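Paired with chain B in one complex and with chain C in the other, chain A is shared by the two complexes that follow.
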Partner chain A sequence: MIKTLFYKEFQNYFRNLSSIFLPLIFFFLIISIFPLLIGPDKVLLNKIVPGIVWITIIFTTLLSSNNFFKDDYNNGYLETFLTSDSSVEFILFLKIISCWLFTCFPIIIFIPLVSIFFNISMKDSFIIISTLVIGSPVLISIGIFGSALTLGLAKNSILVPIIILPFFIPILIFSASAIESVSSGTPYEMQIYILLALLVFVLPTMPYLLKYTLSLSINN
Partner chain B sequence: MYMENALENFEISISSATCLKSNNTIFSDINYTLKSGELLLVMGPNGCGKTTFIKSICGIQKLEEGAIKLNNVDISHGDSQHLGNFLYIGHKNSLNDSLTVFENLEYLCALDRSIQNNIKSEITRNLSFFGIENYKNYLVSKLSEGNKKKTSLTRLLLTNKKVWLLDEPLSYLDENGANKVLKLLNNHLIGGGIIIASSHIDFSVDIGNSKVFYMDNSL
Partner chain C sequence: MNISKIANLKFFFTKTKNLSKFLGYLTFFLMLGGIYWGLFVAPSDYLQGESYRIMYLHVPAAWLSLQVYMIMAFAGFISLVWKVKIMEIISIQCAPIGAYFTLIALVTGMVWGKPTWGTYWVWDARLTSELILLFLYIGIIALYSSFSDKRQAVKITSLLTIVGLVNIPIIHFSVEWWNTLHQGPSVTKFDQPSMHISMLLPLLYMFVVFNLYFVAVLIKRVQLGIYSREKKSKWMEEYLNG
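And now, the complex of A and B:
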């Protein structure tokens, strides 16, 4: 059963290849436009690239999570799995994981390549990847929560970013702080631990929260 | 967990069920008791709350008052494991447009724990019941509404659940398809199941042991 449901999510993403490639294209567009606009200042670019990467991840998250449940809501699948006798929380967990796997993960794969373009050291590159791997699942979870919360509303596309962006800030602060600490040579473990704590807290609790929110959303 | 061994005592009772939506009463004080082998046909004009009533039985719609009991266990809060006996097929088909007919059924069946593991051959076999075996590998987005409905209703052939909640099972279907659905419903009732179905067509004459409930909502 688990295999089949996971496979469904995979197939769904592979049939809509644009949902995988859009974040990547978006990422490379931003990455290539910044040097054009700022000019070939090696030091400055080196300093702002982690920020650019994080901005892309945030936009990707907003894009992919905005209408995350819309299709399932419109075709009735949401009602079907909420009334099914299999574990709803587990299905929602699968959905979060596959959303991350097909939107944020492709970007993370290309970070080493981007690091070479911008002459970022191995150590800095490693810490950018670490913060992204730990932080982006949390962002995706929060984004999906926002879309579940506004599902019952007719015009929700503006509401989601307004609701969820404040919750992104702790993750952004600690990620930026970790990256900053590494480049200035100070200890960075504390920030990584806090990010890990957020991940460990958010990822298992989110499916339960989502189940409750979704059953409220389809109730009206 | 499933009630296969307790068919004689199998009973759903709806007592003084009342539902409000933004301060409008959708239905109030509905009392029905259904035993194994009985059909409750919910009828009424468009917008009278047939769908809401069906949804309230499987816990999607919360009741303001009253209780839905399955063998004397209150299930109206929607969190009891007894909900595992319900198969809800709404008027929306729950079909994913970017997957094929076969894939959709495979995944819908993965959610249904009353179905045993070897499902692939079963799906292929049962698609021919509605005569849609040729559409097996078609994307659902390419199908007509009637064939989508048939795909979704093929779940009735695959499931082992005892209580069927069907919202407009006959909509979009041609005469032949509708007759086949009625045959399915009859077989389920003979097998000791319970069906609660909504429709604006009165098909209770074609089915033995049925109760008809006319909803009349004067908003």
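And now, the complex of A and C:
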């Protein structure tokens, strides 16, 4: 069953290839706009690039999870699987994972390329990638929670970021601090452990929360 | 008298009309007394001089900003689980009051920060987490106001409030850990409060007065909430027409 579900999700994303490439292109566009705004100062850029990467990841996750359930809601698929006897939580978990795979994962793969552009050392680049790998699934699932909350609304473009951004803050703080610690040569394990703890806490509980939110949003 | 009777919207609306007026006047006079006590009677601080006196507004507002959030989440939880109508209204009407308290805490803190730290704003842990709390409140109000079906809106915002309640300690811990410049808590140190009793008493008094104010405003707002929800119902028309 897992295979079929995964296959269905993959098909959904692959049928519309732009949905994979657009987040990636968006990411590169935002990244390359920053030097234009701040100026081509190498030292400054090198210092703030981790922050830029994280801001861009925030934008990407917010945009890609904004109308996450809209299509499924409009064509009735959502109601069908909420009332079906298969494990709804598991389907939601797979949906979160595949959303991450097709929006954040391509970006993470291309982080080494970004590091070359901005002259970031191997060690820093590695820590950026590891914080992204741990942190971005949490961001994606919180963003999906926001889109589930606003499912009943016709227009919710700016609302979801306003609701959701405060919830991002712990992840952002610990990621930024881990990156900062590596580049200043101090221990960074603790921040990584806390990020992992947040991931382990959020990912398994989120499907249950999502199921409850969706049932509230639909039964109006 | 049982709970279901108090929870009845009609009962609440008709019985608390005079109570909120009474509480309002009471709060006004008690607040005048508290301001006199805090601004003129309490001794001045040996380190900060007179500028510390803004604490008598700042600290109760900051405490209330968190307390109101907890009340809001608690009422939201009850309204989600037991579908108590009055709790739905209480939960959502807490949000603007809490946002105001957060704003008061932030503004008074900035006014205090200028002579003490030399700048209105620093990105310090407590200021930042208070600011994030304000954003949480604003998000809740925005989410509520964008639904046209208000019962549905309350359900969704209650859920957001409860999730936010889980998140507040995490945010607070992370921000605290991120940067700390604010002076440590000086009232809740149980072994030996680092504040003299003659300064502490007016503070606790102001805290009680702020709580009274909160209850008075909440009752008024809940009455308005009941009115806007029930204005087409029969009992409301009968009540208003005499």
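In this text, the second predicted complex is superposed on the first by the 219 of 220 C-alpha atoms of A that agree within 3 Å, B and C clash if a C-alpha of one lies under 4 Å from a C-alpha of the other, contacts with A are read in each partner's own complex, and residues count from 1 in each chain.
Rule of thumb we're sticking to: contacts are C-beta pairs under 8 Å (C-beta built on N, C-alpha and C of every residue); 3 or more make two chains touch, one makes a residue touch a chain.
Just so it is clear, the model here is predicted, and its values are computed rather than measured.
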Pick one for A:P166: touches chain B only (first), chain C only (second), both, or neither. second
In the superposed arrangement, which partner chain does A:Y212 touch: chain B (first), chain C (second), both, or neither? second
With both complexes overlaid on chain A, does A:G152 touch chain B (first), chain C (second), both or neither? second
Partner chain(s) touched by A:F174 [first = chain B, second = chain C, both, neither]: second
State whether A:N119 touches chain B only (first), chain C only (second), both chains, or neither. neither
Contacts of A:T4 with chain B and chain C, given as first, second, both or neither: first
Once the shared chain is lined up, is A:S32 touching chain B (first), chain C (second), both, or neither of them? neither
State whether A:N74 touches chain B only (first), chain C only (second), both chains, or neither. first
On chain A, which stretch or stretches are contacted by chain B in one complex as well as by chain C in the other? 220
Residue numbers on chain C that touch chain A, as the complex places them: 132, 135-136, 138-140, 142-143, 146-147, 149, 152, 155-156, 159-160, 163-164, 167, 170-171, 173-175, 177-178
Which part of chain B faces chain A closely enough to touch in the complex? 1, 21-22, 55, 58-62, 78, 81, 83-84, 86, 88-99, 103, 106-108, 110-114
Touching residues (chain side chain A, partner chain B) in the complex: 1, 4-5, 8, 11-12, 15-16, 71, 74-77, 79-86, 91, 215, 218-220
Listed in rising order, the residues of chain A that touch chain C in the complex are 145, 149-150, 152-153, 156, 159, 162-167, 169-170, 173-174, 177, 198, 209, 212-213, 216-217, 220
